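Below, chain A partners chain B and then partners chain C, in two separate complexes.
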Partner chain A sequence: MTSLAAPAVAFSSAPEADEPHSLVMRFGADRPLRMDAGVALAPFQIAYQTYGTLNADKSNVVLVCHALTGDQHVANVHPVTGKEGWWDVMIGPGKPIDTDRFFVICSNVIGGCMGSTGPASTNPATGRPYGLDLPVVTIRDMVRAQAMLLDALGIDTLFCVLGGSMGGMQVLQWAASYPERVFSAIPIATASRHSSQNIAFAEVGRQAVMADPDWRGGRYYEAGVRPEKGLGVARMAAHITYLSDAALHEKFGRRLQNRAAPTFSFDADFQIESYLRHQGRSFVQRFDANSYLYLTRAMDYFDLAADYGGRLADAFKGSRSRFCLISFTSDWLFPTAETRAVVHALNAGGASVSFVEIETDKGHDAFLLDVPELFATVRSFLKSAAHKRGLA
Partner chain B sequence: MTSLAAPAVAFSSAPEADEPHSLVMRFGADRPLRMDAGVALAPFQIAYQTYGTLNADKSNVVLVCHALTGDQHVANVHPVTGKEGWWDVMIGPGKPIDTDRFFVICSNVIGGCMGSTGPASTNPATGRPYGLDLPVVTIRDMVRAQAMLLDALGIDTLFCVLGGSMGGMQVLQWAASYPERVFSAIPIATASRHSSQNIAFAEVGRQAVMADPDWRGGRYYEAGVRPEKGLGVARMAAHITYLSDAALHEKFGRRLQNRAAPTFSFDADFQIESYLRHQGRSFVQRFDANSYLYLTRAMDYFDLAADYGGRLADAFKGSRSRFCLISFTSDWLFPTAETRAVVHALNAGGASVSFVEIETDKGHDAFLLDVPELFATVRSFLKSAAHKRGLA
Partner chain C sequence: MNDMTPHRPARDAARVDLVLVADMVEKGARVLDVGCGDGQLLRLLAEERGVDGRGIELSQRGVNDCVAKGLSVIQGDADADLAAYPDDAFDYVILSQTLQATHRPKVVLENMLRIGRKAIVSFPNFGHWRIRAQIAFKGRMPVTENLAWSWYDTPNIHFCTIRDFVALAGEADARIERAVALEAGGKPIGFSAPWAFWNLFGEQAVFLLSRSKGGH
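Showing the complex of A and B:
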């Protein structure tokens, strides 16, 4: 690859965009990313992290695909928040994805804001952040970029590719686009397309961002402002969809926040209000609003069957990858029925499929949380797949 | 009652607030509304509509309680939108609530924006709109005001009180506060309390309004602006919760809006996006943003059991009213389980209860739509109740 370091521009809204605290693979003008929008993006870069050691025949690679608001810092302290990695419970020595055995790679998606080229990155043509001048990104674009990263790293085959939610969409895209490179795949809490209701919630989030006058048509970076209120509202709305009615009832119910009686006001009387406001506030400190627009849009456009004449089974025809699909009973954003549709398509194509629906009240967020049955499922599937792959 | 006409102030955001196209009952300083917030509101007014004819012994009164974004224009052309009444399918000659037999009353709730005292009404102390100076309103305040309206009209007993959603909360409050005045009651698609998830969605809507700089701390009236973008986002988010995943899939799916292929942009490519944006835009033309804050807050504070030591059954103890509760299978905002909890409480108190769960994919909105089983249920319950009441 060619290393074309963009000039470091310190916009407070996305300090990691150009020069992240991460490994970075830079692709020059000779290696453009051919995007679904019909544009060849060049130069571009991919920020990524690795854990564990690549074995001699490069057969122990696990690619983790992150979700909408995740990033490549899957199992290390996050450079912006100082918190542990978002999947620290899953990945590490002796953990379900055991870094004593596997070489784990996670890259920030194209369109993100943690060092892979996204709307907050400097547009080399102007020297200013792209803003909305970046072409709209698709899930397939994300996966294409990941494949180019692997090529650059000299890695041909993935022992396993896994991820939840938008990460799971990437897993399905990997299995469809590069079946010969995927030995096994674990799509979690995901679907082969964004439903009408999901598009609706995504659109509410985008409208909330765009309604904020500090958004400024996406050119807020140069103005030194950020659409914090709009992005905060978007996050609050989205956060409700990640939980479940039962989980909210259990966790907060109608309990009041540090007070004995309602104040008869618009203060955050209820714990759930206080919690949501906190979610909104903390999110805007670490995430770029334009990236939020791009990544929700990528999910909206995702419809794997549509790329195969409306026949989802054709997306996986003849696949020799081994699949383990996981859904959660209380996930109403990506309900089990969506996973089941994928299972049926895989079965129709004669693929090797196991499917586990995990009983939990934690909602969509369950894939990120301490859910023992999730860990056990991933661990045992990887063990079996490793055996088939001939890994020690 | 005393008639204290406030000076007509034509604020475009709530032209109906002081001098509505409606019947109006005005209460003077001698007849304050004693509010749960501890304030005696005076003067205040209630805007209402009636349909049909009051019989000689005033025994044929049906009180309709409207939902969050409804108003008193239940079965006549709406003075602002020019559309037919919001429950035109339910109320009229020969319809389930037959105005050839019943005298139907519907009043705008306190806190509303169609002529009952609300945040857009002129505060007599200042000559300016109340804005957030209006005390926070509760469901019980709404019902107290309705009882005062009935007193002023010389009506003692309601043959039936009915309504859906926030209207259903008022119905339950009527049955609890004035059991002797309620011959029969039909709470539809409602609950005895706002759940944690419902508070969460309400809070997102309020934060969207308050995030709009045109909200100006609630004092937008005088500035001649309106927080249209914020209220539009609030409406879009809420509107999703009124439908169902299945209804959205059926009605919109992933179909594109007047185009053959995605534009790879943030335009409203999908029909669902176009539909939601339209919902947002049209709503802000007819509804006051501060009223939206007040009425969602009233729903949040509603917790009927809490007023009775946590025992919901005690709210209806010894009630001789006849109840018909109705829920909808696909309503996830007020799921059947909430209605069932009320049914159990009523049964525990030995009340006369029937309960119908209607199979539909229309979601919470079903109570407003053409759902034959809803009409049949209301019609037959009223027929039976009328027989018991000795109505011709």
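Showing the complex of A and C:
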């Protein structure tokens, strides 16, 4: 417990934290990240992936912003899980975000655990992981860091910035913070703020992590343990919010798991229990518990209107970006009403905005799944935006 | 692919009432088309009048068609969504063949005149002699070529006649700047004809309205 010796290798609990299987942009003391918490974070790093080819005038850049448990491995085999990228259905040659035409960038958010500076990263001041010594991160910090990455890559404007859920929050923040750098934006299944209910669910997840004795006040890395049980429970609870009642009913109903009758025990008798336990177990293999605390907190703090005197419309005043917002009928975590509020604010600000509510029973997770109407909307919006942008 | 392949000028293919509406819009104006369907009118307006157009459409399919054409259209409806728009946001707010399907036509019209400097409304005339004849002689709710639904499954819940609409415009503090009635063949009826004549022979009508002084 008291050993302060810095280990020579990355902590096993977050193997990708310092030296990820990814491109990495490192920012030294001369280029700190000025965080909303009032701290200038330096040095720091951003892990990112790219797909496709940057054109000569750098006008074909698409920035993908990932959600809470996503990462930069959006369209390649994941280095930890060995599974295909989390938006492989959306991004690739000939796909809605066509890598034959666009240069796609996706970076791990600040506070994450896949190679961008986060709580599992080594704090250069101590030689140990930051743990809770990392300042609390905001959505705006994430976007600031992404803007610094683009600066470092010599990219001025984004042809499009898009993402779902927490990724959608970043998209809205991009449009508000850097309107002149955003030609078009696709916020999906998102909101301009975390609702009270959203915060409540996030808090349940955090308390589950913190209640695990292996969490050790966030200093579990040095002890060689992980709060797997707590993080697993957090994931199980959150996963329910990503699905709809109808989808759960259809997929699992009250069916029993590999047994003919209830066992009169607390085994996972029901398929849904078994499924959730599996979700929890597999999640802890790839995600850092402290990152989960930081990123859910970032979403809690997000309230775009509050940054503009309480008027959301003022966040987008005079915006010349083209917007296409997408929501899903069965998403009760980020319901359509939240998207509609953003649409009305954009309209009030005179922005060019389209909005589609897609009918599906797949819940919040629909943005990650094979939903043809989603692909059709993204494809057609990008096509007309590319036409307007003069992209061949 | 529609937006990049050569196509016939929108006017050739457009419905006659849409052309009539388009002719009422000043060049370069800001326009909101409520119930814009697949975007035919918005496209016509963009091509012929160079307008900065926005749309509201109820059906997902219609919205997708519009987005594919590069139009800025949101999914929503006239009854619920107009209230969220600020005053004077547009030069024109257009309601094309949709008034009769709204829940509260008067509120919709008032919102249109609040959001836009001018409002353009086109609607089927329930006072047309064919419709009157069906009720009078058959004793059944009218079903015509243009209004092909039975009473129990029609989305058109608030039909009105041309004279009804003139009265509504008055109640909504609107000034009628222009009005055109189209006969069954799509030909405009002479301007000098009295309302009663229009009301009998106009199959549909297009009104250009503005706020009367003090009305808001």
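Note that in this section the second predicted complex is superposed on the first by the 384 of 392 C-alpha atoms of A that agree within 3 Å, B and C clash if a C-alpha of one lies under 4 Å from a C-alpha of the other, contacts with A are read in each partner's own complex, and residues count from 1 in each chain.
By definition in this document, a residue touches a chain if its C-beta (ideal position, glycine included) is under 8 Å from a C-beta of that chain, and two chains touch if they have at least 3 such contacts.
This structure is a prediction, so every number in the text was calculated from the model and none was measured.
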For A:229, is the partner it touches chain B (first), chain C (second), both, or none of the two (neither)? first
Return first, second, both or neither, reflecting whether A:359 touches chain B, chain C, both chains, or no partner chain. second
Counting only touches as set out at the top, which of chain B and chain C does A:57 meet: first, second, both, neither? neither
Larger contact residue set on chain A - chain B or chain C: B
If you stack the two complexes on chain A, which partner ends up touching A:350: first (chain B), second (chain C), both, or neither? second
I'd like to know which partner A:370 touches here: chain B for first, chain C for second, both or neither. neither
Is A:322 touching the first partner chain B, the second partner chain C, both, or neither of them? second
Partner chain(s) touched by A:381 [first = chain B, second = chain C, both, neither]: second
What is the contact status of A:180 with respect to chain B (first) and chain C (second): first, second, both, or neither? neither
Which of the residues in chain B end up touching chain A in this complex? 36-38, 132, 135-136, 193-197, 199-201, 203-204, 206-208, 210-213, 229-230, 232-233, 236-237, 240, 243, 245, 248-249, 251-254, 262, 264-266, 268-270, 272-273, 276-277, 280, 293, 297, 300-301, 303, 306, 332, 335
Per the touch rule, the chain C residues reaching chain A in their complex are 1, 3-4, 54, 60, 63-64, 66-76, 81, 84-86, 89
Which residues, counting only chain A, touch chain C once they are in their complex? 313, 322, 324-325, 340, 343-344, 347-348, 350, 352-359, 373, 376-377, 380-381, 383-385, 387-388
